[in-house]
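In the two assemblies presented below, chain A is common to both, partnered first by chain B and then by chain C.
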Partner chain A sequence: MGDERQLSREAAVTYRCVRRYEAGQPDTQQRGVQRNSGGRQATMGSMFRSEEVCLVQLFLQSGSAYNCVSELGELGLVEFRDLNPNVNAFQRKFVGEVRRCEELEKTFTFLEQEINRSLSPPLHGPLPPPCPTPLAPQPRELITIEEESERLARELKEVSRNRDSLRAQLTQLCQYRGVLTRTHSLTASQAPPPVLESQGLFDNRQDVHLSFVAGVVHPWKVPSFERLLWRACRGYIIVDFREMEDPLQHPGTGEMVQWTVFLISYWGDQIGQKVKKICDCFRTQTFAYPESTAEREEILQGLEGRIEDIKSVLSQTEAFLQQLLMRAVAVLPQWKVRVQKCKAVQMVLNLCSPSVTDKCLIAEAWCPVAKLPELQSALREGGRKSGSGVDSFYNRLPSSTPPPTLFPLNSFTAGFQNIVDAYGVASYREVNPAVYTIITFPFLFAV
Partner chain B sequence: MAELSFNVDHGYLEGLVRGMKAGILTQTDYHNLAQCDTLEDMKLHLQSTDYGKLLSSSEEDLTVSLVDNKLRENLVTEFSCLRTNALPPLSTFLDYITYSYMIDNVVLLITGALKQRDVAELLPRCHPLGAFDQMAAVGIARTPTELYSAILVDTPLAQFFQDAVSESNLDEMEAEILRNKLYKAYLESFHSFCKNIGGAMKDIMCPVLEFEADRRAFIITVNSFGTDLSGADRSALYPSCGKLYPEGLRLLAKAEDHEQVKAVADCYPDYKMIFDDPEPRSDFKTLEDRFFEQEVKLNTLAFLQQFHFGVFYSYIKLKEQECRNIVWIAECVTQRQKSKIHNYIPIFQGKN
Partner chain C sequence: MAELGFVIAMSVVTLFWALIGGVVPLFIPKGPNRGVIVTMLVLTAICCYLFWLIAILAQLNPLFGPALSTNTIWYLRYHWP
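Presenting the complex of A and B:
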C-alpha cells in the first residue's frame, strides 16, 4: 500500500464497505478505503460473514457539522447515503465550498508544475507526503492557506516570467553574436559590392545595390528552407549556411539546439520582400547586418557588454526563483492533504439534508453495530472542537434495504478479498468465499 | 488473410482507437450539458467525461472559442499519438486524412493574403492537423502555377495538382475553384487507395467516401446558383468517385435551381431523404445538418467490423462532430437561446 493510499485513506469517510450490484440499492458510494486494523486481529466470525451493519440517522448541529464529519472521516467509520438524489451537482448547498477547494487545487497544480520545471537540483520522484498527516482545516485556516498559496503562486509566476524573458533575450544576443562572427568569414572573402556599381555596365539597372539578410534558423528546417528560397527567388539570391559552435537554448521548448546561421545576399526590392516573408514562414530570427567592418566591431562590442549584464541579472533572478521554489516544496504537501480533506468533508455535507428549522443537518449513514459507541464519541469530539454547547447525536433506524457488506480486512486478506470481489461481491451476511480462497490459493497457484 | 496478420502491425492502435471511441459523449451527457446555465457548469460536467481536467487547467477566461480550441487540441494530441506509432499502410491512410485539412489551410491562407491580412494573424486559425512547414509562405504566390512550382511541390499536396494548375490570377473565386479541384483529386486518390487495399476496408470506407463525393457535388451545385460559375465549369469540379457518377453528375451540371437538384436527388433513395421537404415543425434542419446526420450514421457503421482502418477515419470524424455539438450547446448556453439547444446531432445512444 503506497503513500497515495495513505492519503486517500484519511481523506475518504468510509470503511471498506462493498455494495451489491443490483437494482434497488442507492447508487452513491463513497470511495472505499482500507481500514488498517494494525495490530488488531480480524475476528474470524465477521470475516466469514459480514459484520453487522445498521442504518443510523445523524443529527449534526449546523455549527459543528464540519468538525463532526471530519472526526468521522479520520476514523473511517461510516458510509453516508445521498439524501438529495434529485438535486443537480451544482445546485447543492455546499457547492460553493467545493468550488473553492477546487480553485485551490488548481493553484497547487500550478505550483507543482513550476517546481517540476524549474527546481534545481530536480526532485527525485513526487513530493513526499507530510508526516504526521494533518487534519482538515478550520474555516479561518482555510482562508490563510488560500491567501498564502495565491501570494506564492503570483510571485512565482512573475519571477518565472522574468526569468524566461531574460533567457530569451540572452539567447537572441548570443545568436546575433554568432551570426556576426560566423558570417565575417563569408563577406570578408567575397569581392566588395562597389565593383558592381562603378563599372557602368549596369547603367540600365535600377537597384543593383546588394542587400543582406542574416539570421539563424532551426537546423531541421534548413533543407526545406533552402529549397523554398531557391524555388521562389531563383537566380536572384545567394544563400550560405554555417553552423554555430555552441548550442543555445530554444526559447519555446527549452531544449539545447545547435542553430544554423544563414546569410542571404540579394538585389531587388521585391525579392527582398519575398525573402523576408519566407524567413518569417520558417520562424527564423533575423538581425540587421552591418555593411562595414567598423560598424560590425562596434555592434559586437555592444553585444558582449549586454550579454554580460544580462547574465548577472539572470543569475540573481535564478537565485530568487530557487528560494521561492524551496518555500513551495516545504509547504505544498501539507496544503494538498488539508485541502483534499476539506473538499471530501464538503462533498459529504452535500449529501445531507437540512432540517426544517435549519438548525441542524440530517445525515443517514451505514455504521457497524460494534462501532456505535465510537460513533457517539466521535460526534461528541466534533461538537467539543467546534465549541458548541449542544451535542450532535445519532438515532438508529430500521432499514428496508439490506445494508452493505462489510468485511474487516488487513493487508494480507485484502488481496484475496479483491480477487473474490472481481467475480462478484457477497451480499449481506452471505458466506464469504475469501476465507476459503486464502487457504486454497497457495495450493492451487504457488505449489 | 488480412485478419490474421492485421494485429501484428496495427492491433495496438486499433485497440487504442476503440478505447477512445468508448469515451465519445452519449445522449445522457448531451442532456446534462443542455441543462447547464453557464459555461462553468458545462466545465463541471465535462470533467466527469473522458475530457477530464481539460478545461480546468487553463488560466484564461472561459469563452466558447477557448472551449473550441481546447477540444481541437485534444483531438490533435490523440491523432499525433496514433500517427507517430503507425506503420505503413496505416501511416499512409492517416496522412490521407490530414490532406483535407491541408487543403483547407492553404485556401484560408490564400484568401487571407488577398485581404491583406497578416500571416501571423491567420496561422492560429489554421487547423493544426493540416499543418506543414511551408504553410506560411503560401501568401507570396500570385497564380496557382506559382503556388505549385514554388511552394507546394515539396508538400504532399503536389500529387493533387494535375488539373489545378492554371495561369489565372488568384482571387476569391479562383481560390474556391482551386479548393474544389484539389479536393476532387484528393477524394479520388483516397478512394482508389481504399479500393486497392480491399476487403473490409473497401466495404467500410468506400461508401463513406462516395457519400462525401456526392455531398460535395450537391453543395457545389447549390452554392453556385447566383454566381457566374457555369454548368461546364461546375462539372469539372465534381468528384467522380461517388454514386452520382456519371448520370447524376451530368444532370446536376444542367440544374439551374433548387427544384431541379431535388429532382436529381429523387432518383437515389439515400439522397431523396435528405432533400425531402421537412414537415412544418420546430426542429427544421438545414441541408448541412442533414448531410452531417447521414455522415454520422455511416461513420458509426465502421465500428461494427474489425481489422480495417476505417475505424481511425470514423473516430476522427465523429470526434469532430462531437466538438461541433459541444460548441453549439455552449453557444446556446452563453446566448441563452435554449430553444434551439437540441439541434445537435447525437452520435451514440449510450446506455444509462
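Presenting the complex of A and C:
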C-alpha cells in the first residue's frame, strides 16, 4: 500500500519533469521500428492508414525492470524514447552491463573464428540460429555463460597453439626425411668424382674435403636461388634440386606445398659460409647432412620413430580439438542470441530515467492504442517473473509531437512498403500509398 | 451498332474485368488482409481493362492502312481469291 502511494507521488513529480523531455524529439517522420529484439507482428488494423499510436509512460519497478523490458521486447510492441538525451554513452546507468555483454561478444567472435578455421568437416555457411529462440538471460545465467565461454575460449586457444606447433615440428621432420631419401641417389652418384678430381685438379688446395649443405626450399624460389648461388660461388659448388614426392604443409600459411630438396656440395670454408648465408636469405630449412651411409641410416631410423610419435600425439590433439569445437558449435548460437538480447535490454534500460527516490525506472514509449491491454499484461508478466509484489504499470500521456507511423505488415506487403519508404515515410495517419503500389508498381515498370 | 466482331469482343472483355473487379471482391473471406486483397483486385481490373480498351479503341478507325508495294497490291488483287 505504502509503495503504491509513493509510486503515484513519484508519478506526479516526474510527470512535470517529463514535459521537459517532450520538446525536440525528432521522430515525427519515424516509422514504428521497435528497438527491442522482438520482431514485427502482423496485426489487426489496416494498411491504408497508419495505426493510432499513443505515448505511454511506464513505471518499472527497479527489481523487475529487466524482465518487463525483456517481455516487451519479445512481443515487439513499443518504441522507447530516449529520456537522457544529454547524457553521453559512457555516463549512462547501465554502461557496465553493456560493456560486459560486449566482452562476451568478443569472446564469441574468437570462438567463431576458431570454428571456421579448424572444424572438420567444415561448416556449410554460417551457424544456424537456435530454435526455439531463447529468452534474455537472468543475471545468474549470464554469469554462467561468461564462465563457460571463457573456459572454452582458453582451452581452445591452448589446444590450437599446441596443434600448430606439433604440425610445424612434423613438417620439419618430414622435410628432413625427404632430404635424406631424395639425396641418397645424388651422393651415391657423386661419391666417385670428388676422389678423382681431388687427385688431378686440386692437388695444391688445402681442403679437398667435400662438404654438403642439404635442405628444402619453396619451389617458387628455386630459380632465383639457383641463380644467386651460381653468381656468388661461381663454379666452386655443385647444386642439385629434386622435387619431393608428397606435398607437405607450409608452417606459416597452412597450404600444401611440394617442397624442393636441394643438395649443395662445396669445397672450402669461405664458400661454405657464403652458401649458408644465401640459404638463410631464402628462408630455406637446412639440415645436418650425414657423410657416411651408416650415419644416414641411423638418422633416418631415428626420424621415422619421431615422426610416428608426433603423428600419434597430433592425432590425439586433433581429436580433442574437434571435441572442443563440436561443443562450441552446439552452444554458440544460443549464447549469441541470449547475449544479444541482454545487451539490447540493457541499452533500452539506459534510455529510461531513474525516479527521484530510485525505486523505479521511468520509461516513455510509443505504443499502438489497440495494443495497450497487451502492454499491461506484458508488464504484469515481467513483474511476476521477477517475483516482485508490486506491479509495474503505465500511464497514458498526451504528446505534443506527432507519434511515429506504424503499419501492420506481412512479408508480402513489407517489400512494397520498403519501396515506398525509400521515397519518403508517410506521416502519422496519412494515406499510405504502398497499398496501391502493390499493383501499379509492377504494372508500370514490368508491363 | 458497329460490326458484330467488335461488339462481341468489347462486351466479353468488359464483362470479364467487371467480374474480377466487382464481383470477386465480394467473395474474399474476412481476415486481416481483406482490404489489401480487394484493393489489389480492383486495381488490377481497372489497369488491365484500361490498357486493353485504349489499345483497341486506338486501332478501331485507322487513318491509313498498311503501306504496300505495287507488286504486292497487284498480287493481292489478282491472285488471292
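Basically, the second predicted complex is superposed on the first by the 359 of 447 C-alpha atoms of A that agree within 3 Å, B and C clash if a C-alpha of one lies under 4 Å from a C-alpha of the other, contacts with A are read in each partner's own complex, and residues count from 1 in each chain.
Note that in this section a residue touches a chain if its C-beta (ideal position, glycine included) is under 8 Å from a C-beta of that chain, and two chains touch if they have at least 3 such contacts.
Keep in mind the model is a prediction, meaning the values are calculated, not measured.
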{"item": "Chain B versus chain C as contact partner of A:221, first or second or both or neither", "value": "first"}
{"item": "Partner chain in contact with A:320 - chain B first, chain C second, else both or neither", "value": "neither"}
{"item": "Touching partner for A:435 - first (chain B), second (chain C), both, neither", "value": "second"}
{"item": "Partner chain in contact with A:88 - chain B first, chain C second, else both or neither", "value": "first"}
{"item": "Of chain A, residues touching chain C in the complex", "value": "42-44, 46-48, 408, 410, 413, 435-436, 438-440, 443, 447"}
{"item": "Touching residues (chain side chain C, partner chain A) in the complex", "value": "32-33, 35-36, 39-40, 43-44, 47, 51"}
{"item": "Contact footprint of chain A on chain B as seen in their complex", "value": "35, 41, 44-45, 56-57, 59, 119-120, 133-137, 139-140, 149-151, 153-154"}
{"item": "Chain A to chain B touching residues, read off their complex", "value": "88-90, 102, 106, 109-110, 221, 224, 227-228, 231-232, 274, 277-278, 280-282"}
